[in-house]
Amino acid sequence: MTDIEFDTEGVKKKFMFVNSKPPYGTIYALEVLEMILISAAFEQHAVIAFIDDGVYQIKKGHNTKATGMKNFSPTYGVVEMEKEDADEDEDIDMVWRIVVEKESMEARGLTEDDFVVDVEVLDSAEMAELMAEQEVVLAG
Amino acid sequence: MNKLHTVNKSPFDRSALATCLRLAKSGSSVLLIEDGVYAALAGTAKSGMIEDRKGDLKFYVLGADLDARGLSEKPMIDGVETVDYGGFVDLVCEHDSVHSWL
Amino acid sequence: MKIGVLVNEGPFTHQASDSAYHFTKAAIEKGHDVMRVFFYYDGVNNANKLSEPQSDDRNLVKMWGELANEHNLDLVVCVAAALRRGIKDEILADGFRISGLGQLIELGMAADRMVVFGD
Amino acid sequence: MTDIEFDTEGVKKKFMFVNSKPPYGTIYALEVLEMILISAAFEQHAVIAFIDDGVYQIKKGHNTKATGMKNFSPTYGVVEMEKEDADEDEDIDMVWRIVVEKESMEARGLTEDDFVVDVEVLDSAEMAELMAEQEVVLAG
Amino acid sequence: MKIGVLVNEGPFTHQASDSAYHFTKAAIEKGHDVMRVFFYYDGVNNANKLSEPQSDDRNLVKMWGELANEHNLDLVVCVAAALRRGIKDEILADGFRISGLGQLIELGMAADRMVVFGD
Amino acid sequence: MNKLHTVNKSPFDRSALATCLRLAKSGSSVLLIEDGVYAALAGTAKSGMIEDRKGDLKFYVLGADLDARGLSEKPMIDGVETVDYGGFVDLVCEHDSVHSWL
């Protein structure tokens, strides 16, 4: 079958990628990253949110040598670059945010310094406000 | 925006419902499907989760999933409305956006 | 209304594919335009044509294919997720096509509502 | 490849099948039943245990028509027959037990009358004792 | 010591297959007899030879097959679980064989220890 | 019988560890693997689960899974012993039977 194309000319939506699962035990953390990177080409607004055990996805120092799994952590460097590009290029109307829920982070013994990317830490009420604004919510 | 939240996990084993209730804004709706329907039962150790939020959230449960699990004759929490797959579609359309709490 | 559907889990193992199927069917019956059903993560296993459930069980792979053929429904399997899991053209079921993840983002942009079924 | 056979002549072990997941949301409840039925032919001791959300697997009145899934509930009638055969045939040294954890059952608003099979209700301490004796523990 | 291993989940999606692989390898290296690795539930997807992970990721299907060939390890895929999920002879990877669930019960009877990896 | 229990689920999201601790007999051992290793961390909201049972159960954690998750330099609960896959095999052999809490 041939690809079906949609008319998305000029469409600008608010996407949110919700990460709530711990890394490595399941594949969601890795495959959601592939989603996030592909979305950059479409120049949509995007919020990458970490809640519950999802906050462990961006913990520094992942070392998967002994488990033999693929370490997806360096890919967050690419996500951060895409975000910086979007922030700095004034011709592109595209805002990317990386946000962490404070309550989830603290319950899990983590602080901002534990993360491999720069994040905005939001409390539950602020996270709820931000989530309420989102138009397309994708999770894994 | 007026959100529809869906929860498909048992409140006894998983944290999805608790997270949804923590992060759902007042006035939005929650539809329980699949293993999420157990949260709609009255008289369980987890009934309080929904009873406590009946005032500011509207709750729905998918009847097909209650039936599959043999729960249709069990008492439900007051105010939880049962819908079929067509009703699920209607809820999606009546709200501005859908958030699935996976 | 234009609706997009995302299926994250394989058939039988998780109810997500069943729920997505019944939701999609109900949406079509109500006259909505289900623009595309996108299969990601283990959802790609819904497109394995070798799947042969017991005779008294539903055949989800076939059910999706028939729904697609009856209603000209676009069933797209993510190529990256599919390669990893060994879902390739030689075992791709009738009614499905393999394409890139960009088709999911486009779906999110084009549809009025996006509904996700997963674990 | 050809089947490799093990010498299991005269082996009699204590098998336990642990059911802890709710039915229909995932396939475990159905596929564990296939395991249990096959095991009958090997005349081993077996405990079929229901804990946590697993107690919902044997709730009466499953009706899967609207979800289109396979209703595995009638298969528990077959399990009960296998158990009765084992109980009544004095030539077969084989004990089958179907047990439910009381605390799990009560937390979920269920009573013994809710179940599609006859069960022994054990409290957590009794269940812990029984579990400790098992040699082969299979779960799904 | 005679050890039996049961794998309940598919490759990549869940870590169960990785853990079972490293456990099995370590057991063999310590001189134990891993009598059989039985694949049930979604575990049958570990035997799909079409699986083609990214070049920088591990290839679990191949790793299991190689371990089997090196150490004469018996990898058994449950026929009922496999049929449902479309794992058939035409896509069965090297080193695996398809057989009945009785082979799991026999494994439990014959092995000194049975270890289960799942979700 | 002297049991080895394995738990591979996060204590924050899933009930598996709680169930294991409720039904494991005094004197048996618990090995945390995969997403179960988060329960071995000191200073989290769930650390108490293991701290409370250190007296009557012996706890182990798989180092490979701590490493993968970037936890090897984080403080662990006192008394939890780290093992590698070879150590996992040894534990299986030293105990009479294994119970995986899936």
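Here are some notes:
Letters are used for the chains, namely A, B, C, D, E and F, taken in the order the chains are written, and counting of residues starts over at 1 for each.
The rule we apply is simple: a residue touches a chain if its C-beta (ideal position, glycine included) is under 8 Å from a C-beta of that chain, and two chains touch if they have at least 3 such contacts.
Quick caveat, the model's predicted, so the values are computed rather than measured.
Chains that count as touching both chain C and chain E, per the definition above, are A, D. In summary, the chains found to touch both chain A and chain C are B, E.
Between the chain pairs B-D and C-D, more C-beta pairs are in contact across B-D.
Comparing mean CA positions across the assembly, the chain most remote from chain C is F. When the CA atoms of chain A are superposed on those of chain D, the rotation angle is 180 degrees to the nearest 5. Spacing of chain A relative to chain F, judged by their CA centroids, is 30 angstrom.
Between chain D and chain E, the centres computed from C-alpha atoms are 24 Å apart. Centre-to-centre separation of chain B and chain F, using mean CA positions: 33 Å.
Contact with two or more other chains is made by residues 8, 12-13, 15, 34-35, 64, 84-85, 97-98, 100, 102 of chain F. Within chain E, the positions touching two or more other chains are listed as 8, 12-13, 15, 19, 22, 41, 54, 57, 80, 114, 116, 118-119.
Shown for chain A are the residues that touch two or more other chains, namely 24-27, 52, 66-67, 69, 136-137, 139-140.
In terms of which chains touch, the assembly is arranged in some other way, matching none of the line, ring, star or all-to-all patterns. By the definition of touch given earlier, these chain pairs are in contact: A-B, A-C, A-E, A-F, B-C, B-D, B-F, C-D, C-E, D-E, D-F, E-F. Of all the residues in chain E, the ones that touch chain A in their complex are 12-15, 18-19, 21-22, 54, 56-58, 119. In the complex of the two chains, the chain A residues touching chain F come out as 21-26, 52-53, 56, 59-67, 69, 71, 73, 107-109. Contact residues on chain B toward chain D in their complex (touch as defined above): 8-10, 12-13, 34-35, 38, 41-47, 63-65, 67-74, 84-85. In the complex of the two chains, the chain A residues touching chain B come out as 18, 20, 51-52, 101, 103, 124, 127-129, 131-137, 139-140. Put simply, chain A touches chain C in their complex at residues 1, 3-8, 11, 13, 15, 27-28, 31, 34-35, 38-39, 41-42, 44, 136-140.
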